[in-house]
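Chain IDs A, B, C and D follow the sequence of writing; residue 1 opens each chain.
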Amino acid sequence: MAEKKKIGILGASGYTGAELVRLLLRHPRVEIVVLTADRRAGQLMGDVFPQFAPYDLPRLMTIDAVDWAKAKLDLVFCALPHATTQKVLKDLLAKAPETKVVDLSADFRLEDPASYAKWYGHDHHALELQREAVYGLSEIYRRDIRKARLVANPGCYTTCAQLPLIPLLKAKAIESDEIVVDAKSGMTGAGRSAKEEMLFSEVSEGFHAYGVGQHRHMSELDQEFSKAAGKEVVVSFTPHLVPMNRGIFSTIYVRGRRGKTAQDLHDILVKQYEKEPFVYVLPFGKMPQSRHVRGSNMTFIGVTADRIAGRAIIISTLDNLSKGASGQAVQNMNIMLGFNEGAGTDQPAMFP
Amino acid sequence: MAEKKKIGILGASGYTGAELVRLLLRHPRVEIVVLTADRRAGQLMGDVFPQFAPYDLPRLMTIDAVDWAKAKLDLVFCALPHATTQKVLKDLLAKAPETKVVDLSADFRLEDPASYAKWYGHDHHALELQREAVYGLSEIYRRDIRKARLVANPGCYTTCAQLPLIPLLKAKAIESDEIVVDAKSGMTGAGRSAKEEMLFSEVSEGFHAYGVGQHRHMSELDQEFSKAAGKEVVVSFTPHLVPMNRGIFSTIYVRGRRGKTAQDLHDILVKQYEKEPFVYVLPFGKMPQSRHVRGSNMTFIGVTADRIAGRAIIISTLDNLSKGASGQAVQNMNIMLGFNEGAGTDQPAMFP
Amino acid sequence: MAEKKKIGILGASGYTGAELVRLLLRHPRVEIVVLTADRRAGQLMGDVFPQFAPYDLPRLMTIDAVDWAKAKLDLVFCALPHATTQKVLKDLLAKAPETKVVDLSADFRLEDPASYAKWYGHDHHALELQREAVYGLSEIYRRDIRKARLVANPGCYTTCAQLPLIPLLKAKAIESDEIVVDAKSGMTGAGRSAKEEMLFSEVSEGFHAYGVGQHRHMSELDQEFSKAAGKEVVVSFTPHLVPMNRGIFSTIYVRGRRGKTAQDLHDILVKQYEKEPFVYVLPFGKMPQSRHVRGSNMTFIGVTADRIAGRAIIISTLDNLSKGASGQAVQNMNIMLGFNEGAGTDQPAMFP
Amino acid sequence: MAEKKKIGILGASGYTGAELVRLLLRHPRVEIVVLTADRRAGQLMGDVFPQFAPYDLPRLMTIDAVDWAKAKLDLVFCALPHATTQKVLKDLLAKAPETKVVDLSADFRLEDPASYAKWYGHDHHALELQREAVYGLSEIYRRDIRKARLVANPGCYTTCAQLPLIPLLKAKAIESDEIVVDAKSGMTGAGRSAKEEMLFSEVSEGFHAYGVGQHRHMSELDQEFSKAAGKEVVVSFTPHLVPMNRGIFSTIYVRGRRGKTAQDLHDILVKQYEKEPFVYVLPFGKMPQSRHVRGSNMTFIGVTADRIAGRAIIISTLDNLSKGASGQAVQNMNIMLGFNEGAGTDQPAMFP
């Protein structure tokens, strides 16, 4: 059996970090050798996430304490806040240029520095890495990912909206100026930070929207949709929070172009994804539920006709921590390291 | 002090029945004297809803056991399934024509018998009552309700969508052929029937849509929107289920007509509702949460500009059991019997 | 109609503050004239709890900005953290000695200064007020409350355990050294502070105990149980957190003394509470659910025989924000000001 | 690589059936070749549990349609209702006596036919199989399970209570007549049947007990505890329902015998389980949460001293669908078929 590849996880005390550990513990070809979490350094992973107490894992350390050159990591997952990420990866890749990186932050997703500066409020500090980075929507950019050193793992909302819409925009099958994406997310999408508005009592038994008209994820959608359509595309996008832990659920309203029917759109998606292990297009007219992808790396997509002639409703759903973050990150690692794409990620959803 | 009016509730073992009892127990001008629930006849209300065990309420009986002429009820709330309702009310109003009725079913909401037959799969059996019925959206039809004998209380989804959209359609301020209503409901909207898909384990920790492209409530929206706009209006409408008990939350995407901005739309709504006790329009750009109307008769409405020029996003939310059903029913009763409109219904929301 | 009494609420930005406002807005005899919240001073109550946006309420201010002498408040509800409370009330009662106070903190519940110091880690700073304070378990100390200036409102766990156990201990009907109280609480019991362990994603879909063997509420139980039994009583008590907003639910295991059966215990409780508006003892063998008291001031108590001869299981449940805090506080205010005890508090539970 | 063993699952449309499929799909040594579900016969597993739509699984069939002799199944998981199970397994083992069986019902757990008849209301119809059956608490009966043809998989409540208590009773370290087990379960423990009391709206935002004083699982506890203690043991046991999907959480109150302290009890448990892959005893004084075993086959156990001298509080938690049912069933299959005990079952918990 081949030697296991050495893996590091930066930012292991957050939810995406925990999900990476969950998936990688069952991966036959890799070994977690570095776990960082600055504020929890010195503690065990089981102190931060008790479910890992029975497992043998490296003790948490600060990022500064890692000797990149000596560690000789094969691949690093970076789950740090934006901006910090740029600084850390610049340093890491300077000291250990052979290390591959899957970055889960938003830092390397936007190709246009001006767009980054607009949405994040400051200049990008690692433009040379930005130029090198490959956008990690696995099903669309698999070839580039295979050769990449630095992969910018897509956001959860954006993965969920792109998988159904990119093939349709590429095929010029829908009107590009009349797309509405009404998106709903579980609470883990907001991360593990102690904020009043994320307390159980503030969130349960209710529903609300946030960032209406101005959510940062829009820049990522704009970039990828415009590339796919070959012209500028700007969609209406509203994110909401659902009192559940996991799940992104996008209800997408489109109008077919040049007589394209909902059935035509369905055909395009079926054809695009029939061989993909992690995208499943339901039979025409059937709609997916977020709970049926929970804990798995799957995206489920449904298409039906709206009662308004020429319009279709598309629903796409995935688990924000898995295909929307850590699952796709492991999928990308598998592509980058030449493993079977399903290694570690092919866990069936957990329902109920 | 004036004598209390005699009230009957038909179908008291469902959620809207319980909500009526909750509200009426605190109403200073009425007394519940008849409670029916065919399958639970002979039992106490406290057997069916233990929260009422400490209260003195009439024992549940079958509808057939009620002697309408003798009971001399001032007003009856009818919370029965559709079709059954027609039969029961025809009989009741034949025997006790002075009784007023607020019907919470869908039976008398559609003016056009053909539309009823299309969506409900059978002919209407009480067309003369249908012609008499007044549609009970309190803020819009208050004058007619005041004189009505039979009020058809609107549905929860439709009340939530109509309160923001009807003034805008009447003012011809929005394009009527490009409206998307993405609606989300708590589970009580599905009633108290034992169905597998409504079990806790099937519903919690997940999100899904249902009746995509073909929900019955559409007929009610079509009717009222078309009346308001003075021409046929058909909207895209998708209902979803949220793992919460109470709440309707509608995210509405519209395009302003003839240069009307989101701010203009907000102005129209503020003006329309500034004196209404149960509709509150938030300051421009602020968006409401369903939990902040829970248990109250309020509708909260927010308006903001979409980032796409000319488009606006409107969010409207109410409690499906209160303003979406029993609360508005009591509000209508108050209008019909000449009481203060807030009697029994002016309970502040319960959050958390 | 008599003039309305002037009420102040100190600490209005927490959950018990909001619940007080909810209840008092419907109280016919009082008017809220002062609302404090130091960190939110200058804001509207509707900024802190949007459900109150439509209501006319005084703007939030700092405690220091209140001129107690000038304000001439009839009664103040104090919902501040422990220790702070002592300081604030000492000052308030020095400047406006005629003001009555219902304190919702733990500061004046313990008669023994040594016990206070042991459980709270510092000396008590207002011992003269402590000596004056009346413990506010309404059903047990009603006579003293009527004459009190300062009432120490009991905790939620302790109210729930005391209402069934105190009559049984007084009657010497149960063994006092073999009592197990297994208590479960909704999340609002933990307050509105932004802590990681109270985030939705940390709390939903799970169950846990906390403070096992060492919870502060034990001191209050020890004091009252020992008084009732006429000898030292120490019970096993374990608090747990349930993924729900509201509710305390205590499963209590006892052994009958001198042949007393479960049925005998039930008889004692029925007799004790048959005329009480806010304590309802279910028929023997029936057990209550927390959801059926949600939002109400009721305590529901059930008693049944254990299958082990001589042992009984008692279940007691209430809403921690209402009877467990603000509801009982309003009940105490009603007693202190000579109002009907049910004014403002006699709202039926909201289920579902 | 060895040929895969052929597995059947009877009753695949319930939650334990789905959990078996989830676990077995990742098991390297087995293949699911028969799936039965009488009411859903002819359908795909993906029609009944959409999460399995992307997987290649046999179509659902009726039990009667299975030709046991021809199917040559190596092992069958039986997840049928009690009583039915007896009939089906009698038939199966008559026709295919070489087949091994893990039965998840209660039918073969009770050694004493009189006890079965008392708790289940009818005579046992397969007493010869009952005599053959081995009780499947893996950690305690591993040796017997290895040689068994028919294993009676324990219940979820009982596994959770037995794992901590059996070693303590065997060691005579606790008083056997003063044990209180206050147990809490997630909703999936109640199965997938459409009952009003299990609807989301009936269950969320509340907490309740059921079967107080008379739950069927008690017979299983009595049997195993009495065996372990070498004398009759009857415990106080109260089951409750928590608004969550998965998890059993038992708070257990015990008194040490002959001076045994909580620390002594902890030592016994640590020693008993230190080499077990699926039982983890936390450091003394630390208590587990149900969410940290969700989706895994782990049981987490914590022990601490009660403040009452000589008493201890023990908390034990597991996932009712996994270690409490299907996970332990797969663990037992692994023991019976000579596989690595962790094959398919060693998935880390999914939190959040």
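Miscellaneous remarks
The definition used in the following text is that a residue touches a chain if its C-beta (ideal position, glycine included) is under 8 Å from a C-beta of that chain, and two chains touch if they have at least 3 such contacts.
Being a predicted model, the structure only gives us computed values, none of them experimental.
Looking at the partners of chain B and chain D together, the chains they share are A, C. Chain centres computed from CA atoms place A at the largest separation from chain C.
When the C-beta contacts at A-C and at C-D are tallied, the pair with the greater total is C-D.
Rounded to whole angstrom units, the spacing between the C-alpha centres of chain C and chain D is 40. Look at where the CA atoms of chain B average out and do the same for chain C: the two points lie 36 Å apart. Averaged Cα coordinates give chain A a centre that lies 46 Å from the centre of chain C. Among the residues of chain C, those in touch with two or more other chains are 15, 188, 201-202, 204-205, 243-246, 288-289, 292, 294, 351-352. By the touch criterion given at the top, residues 15, 186-188, 192-196, 198-205, 243-245 of chain D touch chain B in their complex. By the touch criterion stated above, chain A contacts chain B in their complex at residues 178, 180, 182, 184, 201-202, 204-210, 212-214, 218, 234, 236, 238, 240, 242-247, 249, 251, 253, 287-292, 294, 304-308, 311, 313, 315, 317, 351-352. The residues of chain C lying in touch with chain B in their complex are 15, 18, 21-22, 25-26, 49-55, 188, 204-205, 245-246, 277, 280, 282, 288-289, 292-296, 298, 300, 321, 346-352.
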